[in-house]
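To keep things simple, chains are lettered A, B, C, D and E as they appear, and every chain counts its residues starting from 1.
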């Protein structure tokens, strides 16, 4: 899984039928300090993540291992909202403390 | 999924039999402002996307989760045409407003 | 799928038994003008591609969706020989016109 | 699989239900000398790895081939703790000898 | 599949149970001339490859399509030992002629 920040949303009316009802969130990867860096990706959201939140997302076939994404042409899913992470014993990100 | 722009088409007469009837679109990834940047990829189209349109495409086994691509040697599929996206509350791309 | 040029072949006598009979082609990715650029990869060939030809190849589990590669430890397959492609309405590559 | 060092942990209370009970470890890839370099990734731990340890992790659908990760939206798993590795006959890393 | 050179081995006593008995080889990708360049990866060996040999390895779910790696958290496998390869009609690597 990768750490990313929810930076926006994508609207797509015309889409593969099975994707109806899924929310597309725009994510940008973050570095170990929580700063945006690296690429952006669009992921389906199954945990109710909102803009500005730090999340974990899974890609590939693993992105289909949820009830909402099963058997759908979806290759990225937000599967967790991050509370905090630490590196070498130091808290590097804590939700609400940015 | 990744944001990309349909920039062209690929014609291939000689191909794996199961790929007959699939349209190959040439896509180029775009940055958050919708400008072409990054790599290009060839994706099967199952939503009727046309040149110049912004789309979402899925890769890997997820690209086979549509009726048209099921069990085929296809690793990228356009599964949505993008209407708009926003970043940090600002519309960055809106179809027809380019 | 990615656009690539067949630049050579790989011979491997000692291999996983199920790979017997598959031809290994050496491919190099090309840019939108058809010039070699980017990485090289070894793909099984199921369409009779030859040296110098432009092809499309699929990777990952999608590479196993052909009779010849099914259930084999093969992660890249040439599944089409390219006749031509166009970008923004202009033919950028046409077989035989190089 | 890739060589990486366990550099921290990630806490996520709100997550896809099936991910309950899995520990998320923060890994950073290492070079052949064992120095941190390259990207970071979050992996589930099924072997009891701790901070500072060198590990091997598997990604993609292979990350789901353990009892703890089966059918879960998990795309990276620590599946081994490294004792040592050698390059061209020389020990480059040995646990406890750093 | 990718061309790589076996540059070493990795020892891991503590590992996911199903990985018992698999040998972990340290590989480094090579360029078209056979020189080490690019990234390193750890692959299971099912063809008896030894240090210094040029090999082909497959990744992802394809790495599990061998008797020894089936249903295991293994995402890279050496599935062939390379005898030689040629680029544009010229032998670029020949086993034993380095």
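Following the convention adopted for this analysis, a contact is a pair of C-beta atoms (placed from the backbone, for glycine too) under 8 Å apart; a residue touches a chain by one contact, two chains touch by 3 or more.
Bear in mind that the values here come from a model prediction, so they are computed numbers and not experimental data.
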{"item": "Where chain A and chain B are represented by their mean Cα positions, the distance between them in whole Å", "value": "20"}
{"item": "Gap in Å, rounded to a whole number, between the CA centres of chain D and chain C", "value": "33"}
{"item": "Overlap residues in chain D, where contacts from two or more other chains coincide", "value": "60-61, 63-64"}
{"item": "Topology of the chain contact graph, where touching chains are joined (line, ring, star, complete, other)", "value": "ring"}
{"item": "Ring topology as an ordered chain list, initiated at chain D and continued via chain E", "value": "D, E, C, B, A"}
{"item": "Chain A to chain B touching residues, read off their complex", "value": "7-16, 18-19, 24, 26, 28, 40-43, 51, 59-61, 63-64, 71-76"}
{"item": "Touching residues (chain side chain B, partner chain A) in the complex", "value": "1-3, 31-32, 46-48, 56, 58-66, 69, 77, 79-89, 92"}
